[in-house]
Amino acid sequence: MFSVTVRDHMMIAHSFRGEVFGPAQRLHGATFVVDVTFRGPELDRDDILVDIGLATRHVREVVGALGYRNLDDDPDFAGVNTSTEVLARTIAERVADRVRAGDLGGATDQVTGLVVTLHESHVAWASYECDL
Amino acid sequence: MFSVTVRDHMMIAHSFRGEVFGPAQRLHGATFVVDVTFRGPELDRDDILVDIGLATRHVREVVGALGYRNLDDDPDFAGVNTSTEVLARTIAERVADRVRAGDLGGATDQVTGLVVTLHESHVAWASYECDL
Amino acid sequence: MFSVTVRDHMMIAHSFRGEVFGPAQRLHGATFVVDVTFRGPELDRDDILVDIGLATRHVREVVGALGYRNLDDDPDFAGVNTSTEVLARTIAERVADRVRAGDLGGATDQVTGLVVTLHESHVAWASYECDL
Amino acid sequence: MFSVTVRDHMMIAHSFRGEVFGPAQRLHGATFVVDVTFRGPELDRDDILVDIGLATRHVREVVGALGYRNLDDDPDFAGVNTSTEVLARTIAERVADRVRAGDLGGATDQVTGLVVTLHESHVAWASYECDL
Amino acid sequence: MFSVTVRDHMMIAHSFRGEVFGPAQRLHGATFVVDVTFRGPELDRDDILVDIGLATRHVREVVGALGYRNLDDDPDFAGVNTSTEVLARTIAERVADRVRAGDLGGATDQVTGLVVTLHESHVAWASYECDL
Amino acid sequence: MFSVTVRDHMMIAHSFRGEVFGPAQRLHGATFVVDVTFRGPELDRDDILVDIGLATRHVREVVGALGYRNLDDDPDFAGVNTSTEVLARTIAERVADRVRAGDLGGATDQVTGLVVTLHESHVAWASYECDL
C-alpha cells in the first residue's frame, strides 16, 4: 500500500457550544496545519500514486475556501461545532469529491482512501480517514 | 474513522538487562515525548470524539506518575526491561483503564482504540496500539 | 551567554485593518505557538539561569490571559493591529514586568534579555527581543 | 501491535520522465528523510520488538547505498521514475530482505510488517507499507 | 528588535569539487528548506515589520529561480562550490536586492538585516546573515 | 556572518540538588537533542565554513562521551548540577578545545564562535554561546 501526503494550513475564527468546551465557548481561533494523505495499492504508468503538484493545488483550493473566515458564520456548519474532528472530515469529504470527479487525473482510479489530519497546536491534533 | 491525539512528556532514568543493549545496560535516562491517540468511528452530540481538555488531564496523570523516577526501582516493572515498546504499552493500558472506567466522559462509549507513541529522540520512536 | 526557552501556545481570533492584509482583514484566528527565551551571562548557585518550572508557570499565565479570546475586543490593543510582531512584543513586555518584579526568583538578577517568538503556522513566525 | 521506527536520510540527484512532472523533468535532487517502521504483535525475551542499534545499522546501509548518487544512472531503476513512492518501496523491499535473511537477529521472527516513509520536504512525503 | 520569518523550499542537484567532500564530490542533490528572516527595530503604521504575503511572494521567486535545476550548470556559480553556506548567502543577497529596490513596500525602510537559513536535512543546516 | 549547525543526541541519568528543582531532585533522566553551531565571517577555499562530515564526527565523540551514563557519577561534574545550561556549556567548551587544537581542519582559523543548544523536551531547551 502506498500513500502520498501534502501539507497546507488555514487560519480561522470560531466558537463552540457546549459546557464541555469551557473557555473555548468564547469566540477564539486556530491555525490548522492540514495534512492530506492519499492512499492506494498501485502506482500509475508514471510510477506515482498522485501528481503531487495537482494534489497540492486541489488541497490549496479546498483549504483556502475555509481560511481567513469566522466559521460560526458559514452556513455549511450551521448547528454543528467546527471541532478539529469535524473540520478534518469536511476537508476529507471535499477532497474525496474532487478525486471522484476525476480532478486529480490518473489518481482518480488509484486512490482508494484518504486521511486528513489537522494539527491545532504542537500538542494536539485530530484525523479523519475514509475509503473512496 | 476519527482520531484525536494529545502530546505530553516524561523524563526518567533506567537501565537494561541483556547484551543486545550494549552501553544502554548502564544506568542512563530518556525524555519520552508521549503521543496518546484515541480512535473511534463516531462523534458525540458535541461533535467531538473526546474532550481534549479531559484527555490532556488524564494523560498528564498517567505520564506524570512515571516521570522524574528511576524506573529500575518501580515494582510495576520488576523483571521486565522498560524499553520504549514496554512503556508505550504500559501507558496505553493505563489510559485504557481510565477510558473503560468512564473517566473520559462521553468518550467512554465512543473510543474503540488507542495508539501510544513514545519518541525517545529525534531519530527513534516506538508505538503500541490496542482495541478497547 | 546562556539562554533558556520554554514553549506554550494560545488560540485567538482577530482581524486586521489595512489593505495590505488582504483577506486577513476579515475576522479569522490563529494558534500561536509561543517560545519565550530568557538570556543572561551567568548561572545562579543552583547552576541554572532560570527555574524552568517557575518560568513555565509565568509564561502560562501571560499567554493564558490572551488565549480563547477575540483580540479585537481587548482594550489593551485598541487602535493597533494584533500582528504576530505586536503580540510577540506584548508577551515579552509582560514577561519582562514579571522578571523585574522578582517573580522569577533568582532569575530576576541574572536575566538580561528576552526573546519571544510566535509561530503562526509551519511556514511563518515572528520575534521580538529586548534587554531588561 | 507494536512498532519501532528509526530515522535516517539520503541526498540524491534524479530527473523524471513524463509531462505530469513539469519542471521536475529537469535534473534536480532531493534530501529524503527516511523513516523505517518495523511492526509486530509480540516482544522478544529482551522485551523489545527489534534491537534499535541493529535496525539503525541496517537502515544506514540500505539508505547509504542510494545516497550521494544520480539515480538516473542506477541500473536498478532503469525505465522507472524514482518517485518518492518508488524509493519508499525500494527501501522497504531491501530492509525486508534483511529481516527475512535473519540480519536483524530475534526480530526476524517477530517483525510482521514494514512501513517506509520518505519526507521530500516539510510539506510533502510518501510511504510504502508491506507485510513480511 | 523585531524579526519576521517565512519558510519555503527548493530541490536541486549539484556536486562538489575538493577532497574534503568525500562522496559528495559525486553528482547528488538536496532539498533545502529555506527560512528567510527579516529584521528591524520598528514596525510600520500597519503595525508590521514586513507584509508576510509580499515577503512570501518574493522569497518564492528567489528560491524558485534556483529550484529543479542542476546548479553545476548555473553560470552564477561558476568556479564556486554550491555549499549550503554559499546558497544561503546567494539567497540573502538576492532578497536584499529586492528589499533595497523597494519591492517589499514599506519594509524597504524598516528592514535593517536578513538571516537566511538552509536546512539540508533533519541533522544539518547553515545560515548567512547580513545588514542592509 | 555564516553559521553551520549539526545535530546529535545523548541519553543520560542524573539528579539535582536544591529545593528549586522539586521532583527533579530524584534520580531521573533525559534525552538531550544537541545542536552545535559553528560561526564565522569567512568561508575557506572550498567555499565552506566547516567540513560538516568532520564536525559531525567530533560532535559525535564529544556527545557520545557523555551518553548512556549517570552524570551524578561523573567526576567532571562533582559539586555542580548537570542542568541543561551546564551541559550546553560543557559541550561547547569541549568542542571549542577541538577547534582550537586544529581538529576541524581549515575551520580552525575561520570559526570565531560556537552556540550549543540542548533540547530537553519538545517544550524546553537551553543554549550556551561563546567566542573562540
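Order of writing sets the labels: A, B, C, D, E and F. Residues in every chain begin at 1.
Here is the rule we go by: a residue touches a chain if its C-beta (ideal position, glycine included) is under 8 Å from a C-beta of that chain, and two chains touch if they have at least 3 such contacts.
Computed from a predicted model, the values in this text were never measured in an experiment.
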Neighbour overlap between chain C and chain D returns A, E
At the largest C-alpha centroid distance from chain A we find chain F
In terms of CA centroids, furthest away from chain C sits chain D
To bring the C-alpha trace of chain B onto its twin chain F, one rotates it, in degrees rounded to the nearest 5, by 180
Interface repeat test, E-F vs A-C, B-F or C-F, passes over-half contact pair overlap for C-F
Dist(centroid_CA(chain A), centroid_CA(chain E)) in Å evaluates to 31
Chain A to chain D, mean C-alpha position gap in Å, rounds to 27
Shared-interface residues of chain B (touching two or more other chains) are 7, 122-123
Given the complex, residues on chain F that touch chain E span 1-8, 43, 46-49, 51-54, 56, 105-106
Contacts from chain D onto chain E in the complex sit at residues 7, 9, 11-14, 23-24, 26-33, 67-70, 120-123
Within their complex, chain B touches chain D through residues 16-18, 20-22, 80-86, 88-89, 122-130
